[in-house]
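The structure under discussion appears below in the form of C-alpha cells.
By letter and in written order, the chains are A, B, C and D; residue numbering begins at 1 in each of them.
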Amino acid sequence: MDNVSTLAAPALDVARIRKDFPLLQQATVYGLPLVYFDNGATTQKPQVVLDTLEQYYTGYNSNVHRGVHHLSQKATDAYEEARKTAAAYINAQYSHEVIFTKGTTDSINLVASSFGRTFLQAGDVVLISAMEHHSNIVPWQMICEEKGAELKVIPINERGELLMDEFSRLLNERVKIVAVTYVSNTMGTVNPVKDIITQAHARNIPVLLDAAQAIQHITIDVQDLQPDFLAFSGHKIYGPTGIGVLYGKEAWLNKMPPYQGGGDMIKTVTFAKTIYNELPYKFEAGTPDVSGAIGLAAALNYLQQVGLEKIQQYEEQLIEYALQALQQVPGIRFIGQAAHRSGAISFLVDDIHPYDLGELLDKQGIAVRTGHHCTEPLMDLFKIPGTVRASLSFYNTFEEVDKLVAAVNRAAAMLR
Amino acid sequence: MTINEKQDELIADFSMMEEWMDKYEYIIQLGKELPLIAEQYKTDDNLIKGCQSRVWLHTELKDGKLFFTGDSDAVITKGLISLMISVLSGHTPKDIAASDIYFIDAIGLRSHLSPTRSNGLLSMLKQMKLYAVAYMAKMES
Amino acid sequence: MDNVSTLAAPALDVARIRKDFPLLQQATVYGLPLVYFDNGATTQKPQVVLDTLEQYYTGYNSNVHRGVHHLSQKATDAYEEARKTAAAYINAQYSHEVIFTKGTTDSINLVASSFGRTFLQAGDVVLISAMEHHSNIVPWQMICEEKGAELKVIPINERGELLMDEFSRLLNERVKIVAVTYVSNTMGTVNPVKDIITQAHARNIPVLLDAAQAIQHITIDVQDLQPDFLAFSGHKIYGPTGIGVLYGKEAWLNKMPPYQGGGDMIKTVTFAKTIYNELPYKFEAGTPDVSGAIGLAAALNYLQQVGLEKIQQYEEQLIEYALQALQQVPGIRFIGQAAHRSGAISFLVDDIHPYDLGELLDKQGIAVRTGHHCTEPLMDLFKIPGTVRASLSFYNTFEEVDKLVAAVNRAAAMLR
Amino acid sequence: MTINEKQDELIADFSMMEEWMDKYEYIIQLGKELPLIAEQYKTDDNLIKGCQSRVWLHTELKDGKLFFTGDSDAVITKGLISLMISVLSGHTPKDIAASDIYFIDAIGLRSHLSPTRSNGLLSMLKQMKLYAVAYMAKMES
C-alpha cells in the first residue's frame, strides 16, 4: 500500500532523539530491546531531566521561601524560575497563575473542591463528557454529592467524537462549570475545545481542560484558547513523577478559597484568625516538590529545544503510519476513530481478550496498556471489557510500529 | 498421582520449553481444553476477585474428593485455571488444604505473569484451598 | 568548661557518614565550605537515594498498577516494596496503613478533611497545642470553620513544654481528635506523646501525631506508641522532595471517606455510582510519585544501615554540646529550654533582629533559618518577631558547632 | 550630586571592600546612622510590605525636593534604607521617578542579599518611586 507517511521524510531525527533517553537506550525485556508504547500512562525521561535532579540534590537542595541562607535562595530562585518556565510553556499571562500540584488528578481535585465549595449549590450542574478519565469524573461526583449538584454528561458518537449539538443543548444556566478532556487517553480523540470554551463563555460558564494527554502532543496557548483552568501531569510530559500543574485564570483563583492549609499558603496565623497568602502560594501549602518542579522545567525546556512543531508533525506522521499498518491486522477493530486524533490508539482483535493480547505483546518486548484505562464509563458505553492501547511519543520509530504489528499478528494467531 | 507428582510433571513439561512464547502456547492450549464450568454455576458468587479478566470457579465433592471446574473470559487465564485444576482436582479436601503449591514459582510463572494476573492466580489458589477447608469442616461435623 | 559530650567518644564516625552525602562534600558558599544547620527545613540526601532515583528513571520508570507489561510490573513491585519499607520503619501492623502523600502538610490535610467531614459536628472540639506548625493548625481551622467546631489549644510553659495538667483538663467528651506535634520544629521540645495518647484513648479520642520533626531523630513504633494517625515528610528524613507518609490505623482509615477522586482509588466507576477501592489505594488518587516513594525507601534503608540507635545517641551528644557551646555567647537567650529535646535549637542574642544575625551567619557559610518557622502563634506567645534556628543532623560535626558559635559571636559583635 | 553620581560613588566605595563581611560592616554602620523617622510617622500606613523585618518609610516635600526618612527593626535593613535614602533623598520627584537605580546590581547586593531581603529592597525602591510619582501628579495639578 502506498503510504504517504512513510514516503514523506520524517520530521525528526529520531535516532538522535533516542540517544537523549537513557532508558530507551538500555532497557531490555526478556532479553529483547524494549518497545515502549505506554506513553499515555507515563513517559520516559531525557538525560537532561535526570541531570537537573542530580544537580539539584548535589548542588543546592534546600527548602524554599523565607530562607535567609544562600542555598535556600538558589533553590527558591530555581523553583520560581520553573514556575515561569511552565507559565511560558502554555503562554500564561502571569506566572502566579501556575500552581504546582502532584499531578492532573491533584489539580482537578483542587478545582473541584475549591471551586465547587464556593460556586456549586443544590440543583446546579457540572458538565463533563462520556470519554473522561476517572480523575475528571470522581472529583466532580464527590463535590456534586456534597453540594446536591448534578453531574451531566456530553455524549459521543460511535467514532468517539463529542456530539457538539448535544453539548450546546446541555449548556444552560444551571451549568456552573464544564470539565472536559482535551485529548481522550483511551481513543486519542482531540476534542473541539476552542468551540466548547467559546460556547461556554458566551454563557459566562468557566471551562476546565484536562490536558493530561494534550500538553505533550499539542501546542497550548492559554491566552488564545482561554480555558479558565487547565491541568496536566509532569510525568506524562517527560518530567519527574509526583509533580503537576494547575493553570487557573487569576480572576478565578483569587475568588477561590485555599484547598489545603499549612506552611507557605498563609500570610499570618493566629489561633483566632488566619490570613491567606496571595497567588500562587495560597494554593501551595507545605514544602513544595522543589526537585519535581525543577525537573519538569528541564523537560519543558528540552521539548522547546527539540521543537514543539517538529514533535507534533512527526507524531502525526507516526500515528497515521501506525493506523494504516495496524489496519492490515486481520480482525482488528479500532475503539475510537475520530477525524482529529493524537497520542493513543485503542484496538481489539476478533473477540480476543485485550488482557491476553497485552500479555503476549509484553512477552515479545512490547509495552502497551490493556484494560479500561481509567475510563470505565466509556468501556461500558462500547460494551467491551477494555482495549489494547498503544500510545505513541516522538521517540517512537516507524520500525517499532512494524514490530508492534508483527507482534499483534503473532499473538492473535496464538490466541484465536 | 499425588499433588506433588503432578506439580513435578508440570515443572518437567515446562522446563522442556525454552522460549516463553512456547510456554504461553502450551498454557493457551490448556486453556482451550479446560473442562468448562456448567453455565448455571457461572454466577457472581463463583466469581474470583482480583483478576483483570473475570474468573469463575466451581467445586464439587465426589467420593470424598474435590473436583473443580472453571472458566474465564481470557484464554491465558483459562490456561492458568487449567493448570491449577490439573494439579488440585481429584484430591481430598485434606490433601488440598495441606498442599504446598511450588510449581508456580518453579516454572517462573509468578515473575513472568503480569502482576494482576499473578495476583489472580494466587487468589485462585487461595479460593481453592478455602473451598477445601470448608469441605473439611463440613465432613468433620 | 568540662564538657561531658566532648569527652565521650562520638557514637558515630561522622567523617565517614559525610562521604555518603555529595552535597556536603562539594557545596561551598561564598567560597567557604557549607555548614548546613537548616535540617529542620529539609535534609540533604545520601548518594544511595540519588542512585535509586537514577536507577528507577533509567531502568524501569513506568506507571504502576494495572499494567500488563514488564516495566510496569517492576515499578509496581518497587513501589509496593517502598510501602512495606515505610510500614516496617514505623512498625505498622499492615503495610496498607501507609498512605503515600506529598508530605506532612498533605497528610494532615487528608485527615483534617476526611476525618473532619465524617466525625466533626458543630460544637465539637479539635485539640492542638500552642507550639504547632501552621500545617497542624490551618487545616484544622479550615475544617472547624466549615463544621462549626472549635479549635482549642494546649498551653505551654515558658520553657516551651506542654502543660499536661491543662491538657487533662481540656480533654472532655466534646474533643473529637487531638492533633499534636511529637517534636517542636522551633524549640526542639519532645512532647510526652505516649502520655497524651494514653489519656486521649482512655476517653476514646483518637490522636494524630505530627512526626515531621520526630521521625528523623527518634525511633517510632506505632504499635507501641499507638497513635491513630502519624504524618511525616520524606524530604526531612533524607529522602526526595514531594513525598510523604500518612500512617493511619486500619480501623480509622476504613471509616473515612476518600480525600481525592481519580484513578487507582476506585474499584468501579459509572456516572451513577462509584465504588471506592480498598486501603491503601482508596487514599491514593492518581498516578503516585513512584520515584519519590522508592527514593524515600532508599533513605529509610540507609538510616537502618547506619543504625537508628547510633544516630540518636550521636545527635543527643551533638545537641548537648551545641547547647553548652552556645551558652557561652554573651547575651544569648534560648527560645525553648525543655528538659527533653531533639533537633532544633532556637535562640536570640541581645535585641539583635534574628534576620540580621541569620544574614551574617550565611555570609560566613553557615546555613540557619530565621523567622517564625511557621509557628507564628508561638512567636506571638513569646512576643518575639522570630528566632535564629540551628537544626542538627547526625551528619553535623562538633567542629561545625564551634564554627557556628564563632560566627554568632562575630556577627553579634558587628550588630550590637 | 545627581542621583547617578551618588550611585557611582557608592559603587566605588563598595568596590574597595573585598570581603562581604566588610561590606556588611559598612551597611550596618550606615544603618546605625540612618536619619530616623519621627515616631509619629511609624504607622501601619508607612509600613512596606514584603520584608521579613518591618520597614517604615516617610516622605516630605521641601522646596520642590523629596526627603525620605525611615526605620526598621533590623539593622541591616536600616542600612539598606540608608543606602536608598542617600541616593534618592533631596531630589525632585521627577528625577526620582525617572531614575534608573543600577547600584544595587552593580554592588552585587541583589545576588548576595537573602531573597526576602532583596525583595524588600525592591519593594522599598518601588515605594519611593510611587511617592515621587504621586507628588509629581500633585505638583502638576
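FYI, a contact is a pair of C-beta atoms (placed from the backbone, for glycine too) under 8 Å apart; a residue touches a chain by one contact, two chains touch by 3 or more.
Chain identities (UniProt): A, C = Probable cysteine desulfurase; B, D = Cysteine desulfuration protein SufE.
The structure presented is a predicted model; accordingly, all values stated were derived computationally and were not measured.
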item: Leaving out subunit C (Probable cysteine desulfurase), the still-touching groups; value: one piece
item: Subunit A (Probable cysteine desulfurase)-subunit B separation of Cα centroids, rounded to whole Å; value: 40
item: Euclidean distance of C-alpha centroids - subunit B vs subunit C (Probable cysteine desulfurase), Å; value: 47
item: Multi-partner residues of subunit A (Probable cysteine desulfurase) (each touching 2 or more other chains); value: 30, 66-69, 72, 355, 358-359, 362, 370-371
item: Multi-chain contact residues (two or more partners), subunit B; value: 52, 114, 117
item: Chain-chain contacts as defined at top; value: A-B, A-C, A-D, B-C, C-D
item: Residues on subunit C (Probable cysteine desulfurase) engaged by subunit B in the complex (per definition of touch); value: 66-69, 72-73, 76-77
item: Residue ranges of subunit D in contact with subunit A (Probable cysteine desulfurase) within the complex; value: 52, 114-117
item: For the subunit C (Probable cysteine desulfurase) and subunit D complex, residues of the former touching the latter; value: 30, 352-353, 355-356, 358-360, 362-364, 370-371, 385-386, 410, 414-415
item: Complex contacts: residues of subunit C (Probable cysteine desulfurase) adjacent to subunit A (Probable cysteine desulfurase); value: 22-23, 26-27, 29-30, 34, 36, 38, 41-42, 44-45, 49-50, 53-54, 57-63, 66-72, 102-106, 108-109, 112, 133-135, 137-142, 151, 153, 233, 235, 240-243, 258, 260-266, 268-271, 274, 285-292, 355, 358-359, 361-362, 366-371, 374, 376-377, 380
item: In the complex, subunit B residues that touch subunit A (Probable cysteine desulfurase); value: 20-21, 24-25, 28, 52-54, 73-77, 112-114, 117
